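Next up is a structure, given as C-alpha coordinates.
Which chain is which? They are A, B, C and D, in the order written, and residues in each are numbered from 1.
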Amino acid sequence: MGRTTWMISAGHIPLRSTGREPENTSRDELCFLNAGYREAQVEVTLFYADREPVGPYRLEIPPRRIRRVRVNNLINPEAPPLDTDYGAVIESNVPIVVQFERTDTSDAKPAMPAIMGFAT
Amino acid sequence: MGRTTWMISAGHIPLRSTGREPENTSRDELCFLNAGYREAQVEVTLFYADREPVGPYRLEIPPRRIRRVRVNNLINPEAPPLDTDYGAVIESNVPIVVQFERTDTSDAKPAMPAIMGFAT
Amino acid sequence: MGRTTWMISAGHIPLRSTGREPENTSRDELCFLNAGYREAQVEVTLFYADREPVGPYRLEIPPRRIRRVRVNNLINPEAPPLDTDYGAVIESNVPIVVQFERTDTSDAKPAMPAIMGFAT
Amino acid sequence: MGRTTWMISAGHIPLRSTGREPENTSRDELCFLNAGYREAQVEVTLFYADREPVGPYRLEIPPRRIRRVRVNNLINPEAPPLDTDYGAVIESNVPIVVQFERTDTSDAKPAMPAIMGFAT
(Lines give C-alpha, C1' and ligand atoms only; values in the text may rest on other atoms or scores of the structure.)
Protein backbone atom coordinates (compact mmCIF):
# COMPACT_ATOMS: atom_id res chain seq x y z
CA MET A 1 0.00 0.00 0.00
CA GLY A 2 1.50 3.26 -1.18
CA ARG A 3 4.10 4.09 -3.83
CA THR A 4 7.85 3.70 -4.18
CA THR A 5 8.74 7.14 -5.58
CA TRP A 6 7.67 10.49 -4.12
CA MET A 7 8.62 14.03 -5.03
CA ILE A 8 8.26 17.52 -3.58
CA SER A 9 9.41 20.75 -5.18
CA ALA A 10 8.68 23.50 -2.62
CA GLY A 11 10.89 22.70 0.37
CA HIS A 12 12.26 25.51 2.49
CA ILE A 13 13.63 25.32 6.05
CA PRO A 14 12.84 28.61 7.81
CA LEU A 15 15.84 30.32 9.34
CA ARG A 16 14.42 31.63 12.56
CA SER A 17 12.60 29.91 15.40
CA THR A 18 10.77 31.10 18.49
CA GLY A 19 9.77 29.15 21.60
CA ARG A 20 11.25 26.12 23.28
CA GLU A 21 13.73 23.88 21.51
CA PRO A 22 13.53 21.36 19.96
CA GLU A 23 9.73 21.06 19.73
CA ASN A 24 9.36 24.58 18.35
CA THR A 25 12.33 24.59 16.00
CA SER A 26 11.28 25.72 12.54
CA ARG A 27 11.56 22.70 10.32
CA ASP A 28 10.40 20.70 7.34
CA GLU A 29 9.53 17.12 8.16
CA LEU A 30 9.17 14.06 5.96
CA CYS A 31 6.42 11.87 7.43
CA PHE A 32 6.66 8.24 6.33
CA LEU A 33 4.15 5.42 6.69
CA ASN A 34 5.31 1.89 5.96
CA ALA A 35 2.12 -0.15 6.31
CA GLY A 36 3.77 -3.30 4.99
CA TYR A 37 5.58 -6.19 6.60
CA ARG A 38 9.07 -5.50 5.19
CA GLU A 39 11.48 -2.79 6.30
CA ALA A 40 11.54 0.14 3.86
CA GLN A 41 14.99 1.20 2.75
CA VAL A 42 14.59 4.79 1.65
CA GLU A 43 16.90 7.09 -0.27
CA VAL A 44 16.30 10.85 -0.22
CA THR A 45 17.99 13.12 -2.76
CA LEU A 46 17.80 16.88 -2.27
CA PHE A 47 17.74 19.23 -5.27
CA TYR A 48 18.71 22.90 -5.26
CA ALA A 49 18.39 25.91 -7.53
CA ASP A 50 22.03 26.49 -8.26
CA ARG A 51 24.12 23.49 -7.37
CA GLU A 52 24.29 19.75 -7.84
CA PRO A 53 21.81 17.47 -6.03
CA VAL A 54 22.99 16.01 -2.73
CA GLY A 55 22.35 12.44 -1.65
CA PRO A 56 21.37 9.80 -1.16
CA TYR A 57 20.46 10.25 2.47
CA ARG A 58 19.64 6.72 3.65
CA LEU A 59 16.79 5.99 6.06
CA GLU A 60 14.98 2.90 7.25
CA ILE A 61 11.29 2.73 8.12
CA PRO A 62 10.54 -0.39 10.15
CA PRO A 63 7.67 -2.60 8.97
CA ARG A 64 4.22 -1.51 10.23
CA ARG A 65 5.56 1.79 11.54
CA ILE A 66 5.59 5.52 10.86
CA ARG A 67 8.69 7.65 11.05
CA ARG A 68 9.15 11.41 11.02
CA VAL A 69 12.47 12.82 9.87
CA ARG A 70 13.38 16.48 10.11
CA VAL A 71 15.09 17.63 6.95
CA ASN A 72 17.26 19.73 9.29
CA ASN A 73 18.57 16.49 10.77
CA LEU A 74 19.70 14.89 7.53
CA ILE A 75 23.47 15.19 7.91
CA ASN A 76 25.14 12.46 5.91
CA PRO A 77 26.44 13.16 3.25
CA GLU A 78 25.83 16.86 4.07
CA ALA A 79 23.57 19.00 6.26
CA PRO A 80 21.09 20.96 4.11
CA PRO A 81 21.44 24.75 4.32
CA LEU A 82 18.83 26.74 6.22
CA ASP A 83 16.72 29.37 4.48
CA THR A 84 17.34 27.75 1.10
CA ASP A 85 14.76 26.42 -1.33
CA TYR A 86 15.01 22.74 -2.15
CA GLY A 87 13.16 19.87 -3.74
CA ALA A 88 13.33 16.17 -2.90
CA VAL A 89 13.03 12.80 -4.56
CA ILE A 90 12.27 9.96 -2.18
CA GLU A 91 12.74 6.41 -3.38
CA SER A 92 11.87 3.27 -1.43
CA ASN A 93 12.34 -0.42 -2.09
CA VAL A 94 8.76 -1.08 -0.90
CA PRO A 95 5.56 1.00 -1.19
CA ILE A 96 5.24 3.75 1.40
CA VAL A 97 3.34 7.03 1.86
CA VAL A 98 5.19 10.34 2.28
CA GLN A 99 3.66 13.53 3.61
CA PHE A 100 5.56 16.74 4.04
CA GLU A 101 4.92 19.07 6.98
CA ARG A 102 6.29 22.51 7.60
CA THR A 103 6.49 24.01 11.08
CA ASP A 104 7.36 27.69 10.86
CA THR A 105 7.80 29.24 14.28
CA SER A 106 9.62 32.31 13.02
CA ASP A 107 6.51 34.27 13.97
CA ALA A 108 5.37 31.93 16.73
CA LYS A 109 3.02 30.07 14.41
CA PRO A 110 2.41 26.40 15.23
CA ALA A 111 2.54 23.50 12.81
CA MET A 112 0.49 23.44 9.63
CA PRO A 113 -1.27 20.36 8.30
CA ALA A 114 1.02 18.40 6.04
CA ILE A 115 0.64 18.05 2.29
CA MET A 116 0.97 14.82 0.36
CA GLY A 117 4.04 14.34 -1.71
CA PHE A 118 3.56 13.67 -5.41
CA ALA A 119 3.56 9.93 -6.08
CA THR A 120 5.06 9.47 -9.51
CA MET B 1 -17.14 7.28 -6.85
CA GLY B 2 -13.97 7.42 -4.79
CA ARG B 3 -11.51 4.75 -3.67
CA THR B 4 -11.53 1.90 -1.17
CA THR B 5 -8.09 2.43 0.44
CA TRP B 6 -6.77 5.70 1.84
CA MET B 7 -3.63 6.51 3.78
CA ILE B 8 -2.17 9.37 5.78
CA SER B 9 1.25 9.50 7.40
CA ALA B 10 1.39 12.80 9.30
CA GLY B 11 -1.28 12.53 11.98
CA HIS B 12 -0.78 14.29 15.29
CA ILE B 13 -3.41 15.21 17.89
CA PRO B 14 -2.33 18.43 19.61
CA LEU B 15 -2.21 18.19 23.38
CA ARG B 16 -3.52 21.58 24.40
CA SER B 17 -6.74 23.37 23.53
CA THR B 18 -8.07 26.84 24.12
CA GLY B 19 -11.62 28.14 23.90
CA ARG B 20 -14.96 26.48 24.41
CA GLU B 21 -15.31 22.70 24.45
CA PRO B 22 -16.02 20.64 22.41
CA GLU B 23 -16.07 22.84 19.31
CA ASN B 24 -12.60 24.24 19.99
CA THR B 25 -10.94 21.02 21.16
CA SER B 26 -7.70 20.45 19.29
CA ARG B 27 -8.27 17.46 17.08
CA ASP B 28 -7.61 15.55 13.90
CA GLU B 29 -10.73 14.62 11.98
CA LEU B 30 -11.34 12.05 9.29
CA CYS B 31 -13.94 13.43 6.87
CA PHE B 32 -15.74 10.75 4.88
CA LEU B 33 -18.00 11.06 1.86
CA ASN B 34 -19.98 8.03 0.77
CA ALA B 35 -21.68 9.20 -2.42
CA GLY B 36 -22.97 5.74 -3.24
CA TYR B 37 -26.16 3.86 -2.43
CA ARG B 38 -24.66 1.20 -0.12
CA GLU B 39 -23.51 1.68 3.46
CA ALA B 40 -19.72 1.90 3.73
CA GLN B 41 -18.17 -0.38 6.32
CA VAL B 42 -14.86 1.22 7.14
CA GLU B 43 -11.87 -0.08 9.08
CA VAL B 44 -9.26 2.35 10.36
CA THR B 45 -5.85 1.11 11.52
CA LEU B 46 -3.53 3.50 13.34
CA PHE B 47 0.24 3.20 12.98
CA TYR B 48 2.84 4.52 15.40
CA ALA B 49 6.58 5.12 15.52
CA ASP B 50 7.49 2.69 18.22
CA ARG B 51 4.74 0.19 18.82
CA GLU B 52 2.43 -2.18 16.99
CA PRO B 53 -0.45 -0.81 14.90
CA VAL B 54 -3.82 -0.60 16.64
CA GLY B 55 -7.10 -1.52 15.02
CA PRO B 56 -9.32 -2.02 13.31
CA TYR B 57 -11.57 0.77 14.49
CA ARG B 58 -14.90 0.05 12.78
CA LEU B 59 -17.11 2.80 11.40
CA GLU B 60 -20.15 2.97 9.15
CA ILE B 61 -20.90 5.75 6.69
CA PRO B 62 -24.53 5.65 5.62
CA PRO B 63 -25.28 5.70 1.89
CA ARG B 64 -25.41 9.21 0.35
CA ARG B 65 -23.99 10.81 3.50
CA ILE B 66 -20.87 12.43 4.91
CA ARG B 67 -19.48 11.64 8.34
CA ARG B 68 -16.80 13.34 10.39
CA VAL B 69 -14.98 11.31 13.03
CA ARG B 70 -12.55 12.83 15.51
CA VAL B 71 -9.50 10.63 15.88
CA ASN B 72 -9.66 11.58 19.57
CA ASN B 73 -12.99 9.79 19.76
CA LEU B 74 -11.84 6.45 18.39
CA ILE B 75 -11.90 4.37 21.55
CA ASN B 76 -12.41 0.76 20.65
CA PRO B 77 -10.03 -1.17 20.71
CA GLU B 78 -8.02 1.65 22.34
CA ALA B 79 -8.04 5.45 22.62
CA PRO B 80 -5.15 6.97 20.64
CA PRO B 81 -2.61 8.88 22.75
CA LEU B 82 -2.53 12.67 22.56
CA ASP B 83 0.56 14.52 21.37
CA THR B 84 1.80 11.44 19.53
CA ASP B 85 2.56 11.10 15.83
CA TYR B 86 0.54 8.52 13.95
CA GLY B 87 -0.40 7.35 10.49
CA ALA B 88 -3.59 5.69 9.32
CA VAL B 89 -4.80 3.20 6.77
CA ILE B 90 -8.51 3.46 5.99
CA GLU B 91 -10.18 0.60 4.15
CA SER B 92 -13.76 0.53 2.96
CA ASN B 93 -15.92 -2.12 1.31
CA VAL B 94 -17.24 0.51 -1.14
CA PRO B 95 -15.57 3.55 -2.75
CA ILE B 96 -15.45 6.64 -0.53
CA VAL B 97 -13.47 9.87 -0.25
CA VAL B 98 -11.41 10.66 2.86
CA GLN B 99 -10.09 14.07 3.78
CA PHE B 100 -8.09 14.81 6.89
CA GLU B 101 -8.53 18.04 8.83
CA ARG B 102 -6.53 19.33 11.76
CA THR B 103 -7.90 21.86 14.21
CA ASP B 104 -5.13 23.15 16.44
CA THR B 105 -6.43 25.54 19.07
CA SER B 106 -3.35 25.31 21.28
CA ASP B 107 -2.60 28.88 20.25
CA ALA B 108 -6.20 29.86 19.53
CA LYS B 109 -5.85 29.12 15.83
CA PRO B 110 -9.06 28.04 14.11
CA ALA B 111 -9.45 25.08 11.77
CA MET B 112 -7.29 24.68 8.68
CA PRO B 113 -8.58 23.49 5.33
CA ALA B 114 -8.36 19.74 5.12
CA ILE B 115 -5.97 17.79 2.94
CA MET B 116 -6.89 14.80 0.83
CA GLY B 117 -5.75 11.41 1.98
CA PHE B 118 -3.61 9.39 -0.41
CA ALA B 119 -5.79 7.03 -2.44
CA THR B 120 -3.71 3.97 -3.10
CA MET C 1 -7.15 18.65 -19.70
CA GLY C 2 -8.50 17.79 -16.29
CA ARG C 3 -11.18 15.35 -15.13
CA THR C 4 -14.97 15.19 -15.29
CA THR C 5 -15.75 14.10 -11.71
CA TRP C 6 -14.41 15.73 -8.54
CA MET C 7 -15.20 15.17 -4.89
CA ILE C 8 -14.59 16.82 -1.53
CA SER C 9 -15.62 15.53 1.86
CA ALA C 10 -14.62 18.23 4.36
CA GLY C 11 -16.70 21.27 3.44
CA HIS C 12 -17.81 23.67 6.16
CA ILE C 13 -18.99 27.27 5.78
CA PRO C 14 -17.92 29.21 8.89
CA LEU C 15 -20.74 31.02 10.61
CA ARG C 16 -19.06 34.23 11.65
CA SER C 17 -17.18 36.82 9.61
CA THR C 18 -15.13 39.86 10.48
CA GLY C 19 -14.10 42.78 8.28
CA ARG C 20 -15.63 44.33 5.22
CA GLU C 21 -18.31 42.55 3.23
CA PRO C 22 -18.35 40.84 0.80
CA GLU C 23 -14.61 40.37 0.33
CA ASN C 24 -14.09 39.22 3.93
CA THR C 25 -17.17 37.05 4.26
CA SER C 26 -16.25 33.62 5.58
CA ARG C 27 -16.82 31.21 2.77
CA ASP C 28 -15.94 28.04 0.91
CA GLU C 29 -15.24 28.55 -2.76
CA LEU C 30 -15.17 26.13 -5.66
CA CYS C 31 -12.49 27.26 -8.10
CA PHE C 32 -12.98 25.94 -11.63
CA LEU C 33 -10.62 25.94 -14.60
CA ASN C 34 -12.00 25.02 -17.98
CA ALA C 35 -8.93 25.03 -20.23
CA GLY C 36 -10.81 23.59 -23.17
CA TYR C 37 -12.70 25.10 -26.07
CA ARG C 38 -16.21 23.94 -25.10
CA GLU C 39 -18.41 25.38 -22.35
CA ALA C 40 -18.43 23.16 -19.26
CA GLN C 41 -21.88 22.32 -17.92
CA VAL C 42 -21.33 21.46 -14.29
CA GLU C 43 -23.61 19.86 -11.73
CA VAL C 44 -22.80 20.13 -8.03
CA THR C 45 -24.48 17.88 -5.48
CA LEU C 46 -24.06 18.62 -1.78
CA PHE C 47 -24.01 15.80 0.78
CA TYR C 48 -24.79 16.10 4.48
CA ALA C 49 -24.42 14.06 7.65
CA ASP C 50 -28.06 13.60 8.48
CA ARG C 51 -30.26 14.39 5.52
CA GLU C 52 -30.64 13.64 1.83
CA PRO C 53 -28.22 15.14 -0.71
CA VAL C 54 -29.31 18.39 -2.35
CA GLY C 55 -28.82 19.16 -6.00
CA PRO C 56 -27.97 19.43 -8.72
CA TYR C 57 -26.85 23.02 -8.61
CA ARG C 58 -26.14 23.89 -12.25
CA LEU C 59 -23.21 26.07 -13.31
CA GLU C 60 -21.52 26.93 -16.57
CA ILE C 61 -17.81 27.57 -17.00
CA PRO C 62 -17.13 29.33 -20.30
CA PRO C 63 -14.46 27.84 -22.58
CA ARG C 64 -10.89 28.95 -21.77
CA ARG C 65 -11.98 30.59 -18.51
CA ILE C 66 -11.82 30.17 -14.74
CA ARG C 67 -14.79 30.70 -12.47
CA ARG C 68 -15.05 30.97 -8.70
CA VAL C 69 -18.33 30.11 -7.03
CA ARG C 70 -19.01 30.67 -3.34
CA VAL C 71 -20.82 27.69 -1.87
CA ASN C 72 -22.73 30.31 0.16
CA ASN C 73 -24.14 31.61 -3.12
CA LEU C 74 -25.55 28.33 -4.40
CA ILE C 75 -29.25 28.94 -3.93
CA ASN C 76 -31.18 26.86 -6.40
CA PRO C 77 -32.59 24.32 -5.44
CA GLU C 78 -31.74 25.38 -1.85
CA ALA C 79 -29.24 27.59 -0.01
CA PRO C 80 -26.76 25.46 1.97
CA PRO C 81 -26.89 25.95 5.75
CA LEU C 82 -24.07 27.83 7.46
CA ASP C 83 -21.92 26.17 10.11
CA THR C 84 -22.80 22.73 8.78
CA ASP C 85 -20.42 20.06 7.49
CA TYR C 86 -20.94 18.99 3.91
CA GLY C 87 -19.33 17.11 1.06
CA ALA C 88 -19.67 17.68 -2.67
CA VAL C 89 -19.65 15.76 -5.92
CA ILE C 90 -18.92 17.89 -8.97
CA GLU C 91 -19.66 16.46 -12.40
CA SER C 92 -18.85 18.13 -15.70
CA ASN C 93 -19.56 17.22 -19.31
CA VAL C 94 -15.98 18.16 -20.26
CA PRO C 95 -12.68 17.85 -18.33
CA ILE C 96 -12.06 20.62 -15.81
CA VAL C 97 -9.98 21.21 -12.68
CA VAL C 98 -11.62 21.96 -9.33
CA GLN C 99 -9.84 23.43 -6.32
CA PHE C 100 -11.52 24.20 -3.03
CA GLU C 101 -10.59 27.24 -0.98
CA ARG C 102 -11.74 28.22 2.49
CA THR C 103 -11.67 31.78 3.74
CA ASP C 104 -12.32 31.85 7.47
CA THR C 105 -12.49 35.40 8.80
CA SER C 106 -14.19 34.44 12.05
CA ASP C 107 -10.92 35.28 13.77
CA ALA C 108 -9.71 37.77 11.18
CA LYS C 109 -7.66 35.14 9.38
CA PRO C 110 -7.21 35.75 5.65
CA ALA C 111 -7.62 33.16 2.92
CA MET C 112 -5.72 29.90 2.92
CA PRO C 113 -4.24 28.31 -0.18
CA ALA C 114 -6.77 26.04 -1.78
CA ILE C 115 -6.62 22.26 -1.88
CA MET C 116 -7.24 20.13 -4.93
CA GLY C 117 -10.46 18.20 -5.08
CA PHE C 118 -10.20 14.44 -5.49
CA ALA C 119 -10.44 13.51 -9.16
CA THR C 120 -12.14 10.14 -9.29
CA MET D 1 9.99 11.38 -12.80
CA GLY D 2 6.97 13.64 -12.66
CA ARG D 3 4.41 14.70 -15.28
CA THR D 4 4.42 16.97 -18.32
CA THR D 5 1.11 18.81 -17.73
CA TRP D 6 0.04 20.51 -14.52
CA MET D 7 -2.95 22.70 -13.70
CA ILE D 8 -4.14 24.97 -10.92
CA SER D 9 -7.46 26.79 -10.74
CA ALA D 10 -7.32 28.93 -7.58
CA GLY D 11 -4.54 31.42 -8.19
CA HIS D 12 -4.75 34.88 -6.66
CA ILE D 13 -1.94 37.38 -6.07
CA PRO D 14 -2.77 39.40 -2.94
CA LEU D 15 -2.70 43.14 -3.45
CA ARG D 16 -1.15 44.32 -0.21
CA SER D 17 2.09 43.39 1.49
CA THR D 18 3.63 44.15 4.85
CA GLY D 19 7.25 43.84 5.96
CA ARG D 20 10.51 44.07 4.10
CA GLU D 21 10.67 43.80 0.30
CA PRO D 22 11.15 41.59 -1.64
CA GLU D 23 11.17 38.64 0.77
CA ASN D 24 7.82 39.60 2.31
CA THR D 25 6.05 40.64 -0.89
CA SER D 26 2.68 38.90 -1.16
CA ARG D 27 3.00 36.47 -4.01
CA ASP D 28 2.07 33.21 -5.66
CA GLU D 29 5.03 31.05 -6.60
CA LEU D 30 5.35 28.15 -8.99
CA CYS D 31 7.88 25.69 -7.55
CA PHE D 32 9.43 23.41 -10.17
CA LEU D 33 11.54 20.29 -9.74
CA ASN D 34 13.28 18.89 -12.78
CA ALA D 35 14.87 15.69 -11.47
CA GLY D 36 15.92 14.56 -14.92
CA TYR D 37 19.04 15.05 -17.02
CA ARG D 38 17.53 17.25 -19.76
CA GLU D 39 16.59 20.91 -19.50
CA ALA D 40 12.84 21.39 -19.11
CA GLN D 41 11.30 23.90 -21.49
CA VAL D 42 8.13 25.03 -19.78
CA GLU D 43 5.18 27.02 -21.08
CA VAL D 44 2.77 28.64 -18.63
CA THR D 45 -0.63 29.89 -19.77
CA LEU D 46 -2.72 31.99 -17.40
CA PHE D 47 -6.52 31.82 -17.49
CA TYR D 48 -8.91 34.48 -16.22
CA ALA D 49 -12.60 34.84 -15.42
CA ASP D 50 -13.51 37.40 -18.02
CA ARG D 51 -10.85 37.68 -20.69
CA GLU D 52 -8.77 35.56 -23.02
CA PRO D 53 -5.93 33.41 -21.66
CA VAL D 54 -2.48 34.98 -21.75
CA GLY D 55 0.66 33.12 -22.73
CA PRO D 56 2.75 31.26 -23.21
CA TYR D 57 5.20 32.49 -20.63
CA ARG D 58 8.40 30.56 -21.38
CA LEU D 59 10.70 29.25 -18.64
CA GLU D 60 13.61 26.86 -18.47
CA ILE D 61 14.38 24.56 -15.57
CA PRO D 62 17.95 23.28 -15.76
CA PRO D 63 18.49 19.54 -15.46
CA ARG D 64 18.74 18.25 -11.86
CA ARG D 65 17.59 21.57 -10.45
CA ILE D 66 14.63 23.27 -8.77
CA ARG D 67 13.38 26.71 -9.74
CA ARG D 68 10.91 29.03 -8.06
CA VAL D 69 9.12 31.61 -10.18
CA ARG D 70 6.92 34.33 -8.74
CA VAL D 71 3.77 34.70 -10.80
CA ASN D 72 4.18 38.45 -10.11
CA ASN D 73 7.41 38.31 -12.10
CA LEU D 74 6.00 36.75 -15.26
CA ILE D 75 6.11 39.74 -17.57
CA ASN D 76 6.37 38.58 -21.15
CA PRO D 77 3.91 38.62 -22.93
CA GLU D 78 2.13 40.57 -20.15
CA ALA D 79 2.37 41.12 -16.39
CA PRO D 80 -0.53 39.42 -14.57
CA PRO D 81 -2.84 41.80 -12.68
CA LEU D 82 -2.72 41.88 -8.89
CA ASP D 83 -5.76 41.01 -6.80
CA THR D 84 -7.26 39.04 -9.68
CA ASP D 85 -8.24 35.37 -9.71
CA TYR D 86 -6.45 33.21 -12.24
CA GLY D 87 -5.78 29.62 -13.20
CA ALA D 88 -2.74 28.15 -14.92
CA VAL D 89 -1.81 25.36 -17.27
CA ILE D 90 1.86 24.40 -17.16
CA GLU D 91 3.27 22.27 -19.95
CA SER D 92 6.78 20.87 -20.10
CA ASN D 93 8.70 18.91 -22.72
CA VAL D 94 10.03 16.56 -20.00
CA PRO D 95 8.45 15.29 -16.76
CA ILE D 96 8.62 17.74 -13.84
CA VAL D 97 6.83 18.36 -10.54
CA VAL D 98 4.99 21.63 -9.89
CA GLN D 99 3.92 22.88 -6.49
CA PHE D 100 2.13 26.14 -5.89
CA GLU D 101 2.84 28.28 -2.83
CA ARG D 102 1.07 31.40 -1.66
CA THR D 103 2.69 33.94 0.62
CA ASP D 104 0.12 36.40 1.88
CA THR D 105 1.67 39.12 4.00
CA SER D 106 -1.29 41.47 3.75
CA ASP D 107 -1.88 40.72 7.43
CA ALA D 108 1.74 39.93 8.27
CA LYS D 109 1.18 36.20 7.84
CA PRO D 110 4.23 34.20 6.74
CA ALA D 111 4.33 31.65 3.95
CA MET D 112 1.99 28.68 3.86
CA PRO D 113 3.02 25.17 2.83
CA ALA D 114 2.58 24.73 -0.88
CA ILE D 115 -0.03 22.55 -2.53
CA MET D 116 0.62 20.16 -5.39
CA GLY D 117 -0.65 21.13 -8.78
CA PHE D 118 -3.03 18.72 -10.50
CA ALA D 119 -1.10 16.41 -12.82
CA THR D 120 -3.39 15.66 -15.70
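The definition used in the following text is that contacts are C-beta pairs under 8 Å (C-beta built on N, C-alpha and C of every residue); 3 or more make two chains touch, one makes a residue touch a chain.
Just so it is clear, the model here is predicted, and its values are computed rather than measured.
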Steps needed, at fewest, to go from chain B to chain D via touching chains: 2
Interface composition of copies chain A and chain D: same or different, split at half: different
Between chain B and its twin chain C, rotation from the CA superposition, multiple of 5 degrees: 90
Separation of chain A from chain B, taking each centre as the mean of its C-alpha atoms, in whole Å: 22
Averaged-CA centre spacing for the pair chain C and chain A, given as whole angstrom: 32
For chain D, residues contacting two or more additional chains: 100-101, 112-116
Touch-based graph of the chains, sorted into line, ring, star, complete or other: ring
Of all residues in chain D, those that touch chain C in their complex: 5, 7-10, 12, 14, 45, 47-50, 52-53, 85-87, 89, 100-102, 104, 106-107, 109, 112-116, 118, 120
For the chain D and chain A complex, residues of the former touching the latter: 1-3, 29, 31-33, 35, 64-68, 95-101, 108, 110-116, 119
